[in-house]
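Take a look at the structure set out below.
Chain lettering (A, B, C and D) follows the sequence in which the chains are written, and residue indices restart at 1 in each chain.
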Amino acid sequence: MDILTLFIVVPILTAIALLFTKGLKQARLTTMIGMLIQFGMAINLVFAYFKERAANDAIMVFTKDLMWFETFNIHYSIGVDAISVLMIVLTATVVLAGVFISWMLDEMPKEFFITLVILATGVYGFFISIDLFTLFVFYEIAVIPMYLLIGIWGSGPREYAAMKLTLMLMGASAVLLVGILGIYFNSNADGGALTFNILEIAQVSIPFEAQKLFFPMTFIGFATIGALFPFHTWSPDGHASAPTAVSMLHAGVLMKLGGYGIFRVAMYLLPEGTNYWSTFFIVLSVIGVVYGALAAVKQTDLKYINAYSSVSHLGMVIFALLMLNKTAWTGAILQSLSHGFMTALFFALIGMIYGRTHTRMAPQMGGLLKVIPFISMIYVIAGLASLGLPGMSGFVAEMNIFAGAFQHTDTFHRVMSILVISSIVVTAVYILRVVGVMLMGPIPNEDYKNLKTVTWFERVGIYLLLIPVIGIGVAPLWLSNMINDSILPFIQRLI
Amino acid sequence: MIENVSIYELLTLTTILFFIGLYGFLTRKNLLTMLLSIELLLNASVINFVVINKYLYPDVLQGVYFSIFIIAVAAAETALAISIIINLYRLKTSVDVAETETMKY
Amino acid sequence: MNFSYTIFILIIPIATFLLLGFFYNRIKPAVSGWIGVTALSVVAGLSYYTAYQYFFNVGKIDGKFQTFFGFQANWMNFTENLRIDMGILLDPISIMMLVVVSTISLMAHIYSRGYMKGDRGYTKFFAFLSLFTFAMMGLVVATNLFQIYIFWELVGVSSYLLIGFYYEKPSAVAAAKKAFIVTRFADLGFLIGILLMGYYGGSFDFMELNNPEGPAIMNWASTSFMGLSVITWALILMFVGGAGKSAMLPFHIWLPDAMEGPTPVSALIHAATMVVAGVYLVARMFPMFHFVEDGFALHVVAWVGAISSLFAAFIALTQKDIKRVLAFSTMSQIGYMMLALGVSKYDGHEGLGYMASMWHLFTHAMFKALLFLGAGSVIHAVHSNYLKDMGGLRKYMPITNITFLIAALSISGFPLTAGFFSKDEILVAAFEHNKAIYFITLFVAGLTAFYMFRLYFGIFWGKKKEYEHTPHESPWSMTIPLLFLAFMSIATGYLPFSEWVTADHKALHGHIGLFSNLGVIHWDMAGIAITAGLLGIAIAWFFYKKPTDYPAKVSAAFGRLYKWAFNKFYFDEVYLFVTKQIIFKRISTPFAWFDKKVVDGTMDGIGNTTVSLSKVIKGTQSGRIQDYAFAFAGGVFVLVLIVIYMI
Amino acid sequence: MRNEIILLVLILALLIFEIFTKPNQKKHIINIAVGLFFIHTVIGFFPIGESSLFGGSFRTTGLIHFYKSVLNIGVLIILLQSADWLRNKVAHFNKIPEFFILLFSSLLGMNFMISSGDFLLFYLGLELSTLPLVALIAYDSFNQQSTEAGIKLILSAALASAISLFGIGMLYATGGSLYFEVIAQNLQSSNLAILGMVFFFSGLAFKISLAPFHFWTADVYEGAPIGIASYLSVISKGAAIFILMAILFSVLPILSEAWKLVVYILAITTMFTGNLFAIRQKNMKRYLAYSSIAQAGFMMMGIINAEELGVATVVYFVLVYVFSNLGAFGVVQAISSQTGKENMDDYTGLYRTNPKLALILLLSLFSLAGIPPLAGFFGKFFLYTAAASKGYYLLVFLAVVNVTISLYYYLLPVRVMFLRKSDDAIPYFKSKLMMRAGLVIAVLGIFVLGLYSPLYNYIVELSAGVL
């Protein structure tokens, strides 16, 4: 079996194996083994990719193509470039960390892990798809398990949040579907065979009228999961209600599907539509960036803070994509990765803190640095990463975005760029506010003195996510070079 | 073919019949009278078929045969409907259409 | 000459940080203290060696100091042309800064071994100090704007961590947060400036940007915005960043609060090294500041510096917390450095201000660190920060007393101390180029002398207080740094600075350099300055040597002015108003509300409308056959009508 | 004709059986009938050549034969799922054989209807399929709801067929014949023809339950025995769709502009009506009734394509829909025949007590909602493609809006089953073999139909050249 299909097969096999397990111990062990294999495969893929790339300069490598539905020219068509490889690594890491974080989940563990693994399958499939149809199929497979994950294992207004999240995302995907169909039926204006294959569609130019019509559909379809204002409202409620591992996976990986899809589908296939609509969506994304940050300032629930912060950070991804140059795009990809690791880390930590203090309200806590120093210090580090401290991944990403944004010299882009840059101050405000209130200060509750220290599986989860955050931040060159190479064919279509 | 009667007059008749039947169906309270109205509707069609056959395509007797089948089926339909109405009567001692409104919304 | 060993100046502190940080709960405090001190000693040794090599052996070629690279690596590329390198750039000012940072840091390390003894976070403290040292070193040796920005932020975060070191104290937490956010806000300007510079100047690299014949300087006029060159805007924005770090108006508000941190931190970061980063930045970019648009940006620098120094001096007169007095004094002195840079030109003697600024930076680092450490020693002894709890300490703490006096004399510009030389160079530079600024400077010199001696007399003389615990001299670990710095506070005045550190890297005839050019001292200029200083000291002597009621009378006489100065001209309140009332209440809260009610409400509304629509139409399914039949027949007719009329 | 003859033989055999068995032995008829029908279904899979009988009144083609197989499979599943109910609830009425006889008669009617080559056989088939069903709906003669449902259906159906007949009359008048082929040749577009088409259409729209001809659906489903409701929802609807397509595409192509508009309007009204009503439903049968209305609206998107692509997608969708809907109905049936509970709230916490049933219901509902990788997604996607290929993007857009609405109510049972806990959840029970077989077939279909593309390709092959 080829190296990419395994990424779908292994989770499915894991899920099937899980069916035969009993109890938490077996379930988590099975999942861990499956996901460890997956993680190893992901790391291996990076090396394999470099090796393959040296010999092969096609846009996608490791391609494989099987006819599926001949009538519609639907293929099972897979392949990766650097961006998908990185996204796969991100996914593998976050999922594995998520398994460790859910080590002690006691309610219906088997079902939990199965659903989680199905979700992961969808994500992997999405990242390796070249065919729009399979891409869409995997997208939905990735989204729908969220309903169960939040609904069954969530907390707070979980039913409401789960329903809202599912409906908004599926609604968006429905709009996306129309966009995809539009692309499909214009994929060969000269009367040849219609196709869903991204690379083939990129060879033809879709009529401008069609681009104008279908770009916003495709864009909004993807941008909703990327939490573009004003379609982001599923995200705060969803994150707040979801169990820890799910928040991690969702914010860390699932929301990345948005940016990835915009990049891979909306912009690549509809370049003129992109140019036509870019002003409008730039405004939306900038509103998202600033607004998410400002709204986060006001929140007290840790998860809400993080959710709004995600709105802000991912708004930056969309903003960067709309800047339409290589620097900004590199930044967008880096920001996706960085935000993935960092937010997952954040949610993991919030889960750990919640598991100990039984509250997520920052003002109710205090002085945690003293009682759970390890978790608290990592929280500070994650916070610093979030506010874009040099040496952490966020900085590298943001700088690329800003540098890319500044390549536009007209006033509109300038003003928008400056607004986006301003958001980093606001980010500092809300991060430090939480750190100050929750981790520092006097201890408000005597019970806190007996909080458990961090356990080994929590440590593993933390390190899995922390290492990439710092790694990217310290040595970004190879990564940005890797991304740069793969961006080229895409950017060339737009300029 | 009837002397001095054109197809238009006959079709007007059937149309009127059709609407009378429809009106009856919509306004009667008694299930049996509603059933009668259905018969009117069906009869309108039956006459239609015969008339069309006779006036327009007199070579082949398709319409006439069709009308015979309609009459037969209508009989079966009525028989079935009446049996169910009787069943309703047994349960509710009434054949008022208002008795059949328990399931709604 | 191969300077590649200088990489260890960066590696050693970060390694120390990682070592102490990872094993903070396994290493014994005593050991970690020694690790820190040893590491820093090595770093200081390397720095001194580098300085020696550079200034005395290899640095000067053809009468001009050359620039060396100790290390250079590509870190990230934005575009083909716009790349970010990480490297070590060695030229006079960076080497001077290496010496300053390593010296003060080493002193702070040694001092902390005594000062922090018994603290829970002893190891952590040393780890953070190492982190800071690393970041500061990285900042000073930066080869390009982006590197400086990166380390700039890292310095900021280590400052944050150190100010908030006593994290259980809410005031410390608030101060740390304030320091970080205010400087970050200013850094926003810096970042935008850098990006603008990158795109209009074509590079981030100092060597390319600062080349007087390079494209960046030659083409400054190519694009303009609101009447000024974009490059000027970039420079001004970068200066905003510098002003934030260096606590210039109006970003100074974090500095007094930052005194919540442990005193060695105040000495190291908030007096000697980090706060002068802004000055260093301007000095680093000096050719650009000077050449672009006839130095418009430099005028901004000069005036901001001058006003800040005056403003801070006023506030320093009134403060009661000794560390805050010192903090405002720091701000005032940094204003000096800024204005000196601001009035400077590039070539030859015209570049006097530049030299003076750097020199003052150097001497100020010594005596201000000394003042802080001395204050720390006093605080350590009396367990209070407030002047009212002190007095007559000269008997109990002789070493502290003497060293503090030396530092106070130095800062007041008392003849033959280091401060005298460097400050008078500033005065000369100001006099030559901008009279208005000169008078401000002179006035501030007098004020400085007055408030420093108010402090000195208030602490060591004045009323004899009864102390609960008899104060005693601090341990050797704390007094050795004091003595060393006291020595430096005098000795650094006799360095031939004007030969070493100048704008164009060529030697320059200073006025008051002892070994270089004592002969041409301008005694007229110096005399005025000395008079101003002595006047300040005399008034302080008169007011504070013994408890008198003059201070109260004077402050009453100034009335409102005194009150304003005492409340720091209400800057904090304005900021608080802007953040709490405007940003939080007027912007953030409505945004959160908007999100909840309007955006989210719309989405929920769509759902709710659908559901209620479903309720509204439920009546059509009435359960009546005849209604159904009517709908059926009606449907047919409507369809017929539509179809027939639409086609 | 093979299908019909075997079915007729089956019916006769059962009649004889009915006559010659003692009341207490009539239970065995369940196994026999199901067994025989299984054989019939299997035989149905064998291909049959194209032919026509009675001067063209009765036609068989590969596609028509496939239609019949689809219906056979559906009926087989329904029989399997209803066996429990028959055994437990109906046995004491002593009229089990009637159930099979009537059901098979109805199926026979549908087979005739599908195969019909003229309006006469079409009409007879239609009535033959409807009338036994009415009897089945009113089967439980002591149940008032059952009776009410019967009355509603017979009166509405009679009205519908009357109006439809009126329309056929007009088509006869304009087309000059009752034979489809002749009409197709002779028919000219005129207002009368359009009038006739709309009238005729309404009759089939009634069977497919397109809004506003759908009102009977919910009430009848609720009152009818569950097996019959599921029969109504898949078999009767499927057959009507098939013949509707055949007539519209091959008999009335000249009026295509007109009927496309009708289909367009009905598709929109139906989707919205079905979905908006379904949101509020508490009774599972009623809930599934509205869901099936909405699904019918989606099917219209394939019809509007008016080409072979449309035929293939609709047939495929119906096939998928048979499995998905029968999966859902099967679970409802299983629970109802075990506990008598039919309300959604009764399902609270079902997953914790009966995980398999809950899972099957979940899969069926997800398939209905069109969530990949279940077959329903593929069915819907192809329908969108069919509509979009003719440029009906607005229709597709409205459809996806409706999919989102429908997702909401499809998640409602999932919510109560999975997300909530209940102390008085339906206790664990083990279904009988037949029920399980019925459910398993349905689930298999849900998975295999979509992912395994040769099936779809086969349908495409069949529908090639039908026009």
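Rule of thumb we're sticking to: contacts are C-beta pairs under 8 Å (C-beta built on N, C-alpha and C of every residue); 3 or more make two chains touch, one makes a residue touch a chain.
This structure is a prediction, so every number in the text was calculated from the model and none was measured.
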Chain nearest the global centroid, as defined over all protein CA atoms shown: A
Pair joined by more contacting C-beta pairs (B-D or C-D): B-D
Between chain B and chain D, centroid-to-centroid distance (C-alpha), Å: 27
Chain C and chain D, separation of their C-alpha mean positions in angstrom: 78
Chain B-chain C separation of Cα centroids, rounded to whole Å: 97
Between chain D and chain A, distance of the C-alpha-averaged centres to the nearest whole Å: 42
Two or more partner chains touched - positions in chain B: 25, 34, 100, 102-105
Contacts with two or more other chains, residues of chain A listed in rising order: 167
Contacts with two or more other chains, residues of chain D listed in rising order: 151-152, 155, 159, 163, 218-219, 280, 408
Contact pairs between chains, per stated definition: A-C, A-D, B-C, B-D, C-D
In the complex, chain D residues that touch chain C: 151-152, 155-156, 159-160, 163, 191, 194-195, 198-199, 201-202, 206, 211-213, 215-216, 218-219, 257-258, 261-262, 265-266, 273, 276-277, 279-280, 405, 408
Residues of chain A that touch chain C when the two form their complex: 164, 167-168, 229-230, 232-234, 236-237, 291, 294-295, 297-299, 308, 326-327, 367, 369-370, 373, 384, 387, 389-391, 395-396, 399-400, 402-404, 406-407, 409, 418, 421-422, 424-425, 428-429, 432-433, 436, 439-443, 475-477, 480-481, 484
Residues of chain D touching chain A in the complex: 309, 312, 366, 371-373, 377-378, 381-382, 384-385, 388-389, 393, 396-397, 400-401, 403-404, 407-408, 411, 414-415, 418-419, 453, 456-457, 460
Residues of chain B that touch chain C when the two form their complex: 22, 25-27, 34, 97-98, 100-105
Footprint of chain D on chain B - complex, ascending: 18, 21, 25, 31, 34-35, 38, 41-42, 44-45, 48-49, 52-53, 56-57, 60, 62-63, 65-66, 69-70, 73, 76-77, 80-81, 84-85, 87-88, 91-92, 99-100, 102-105
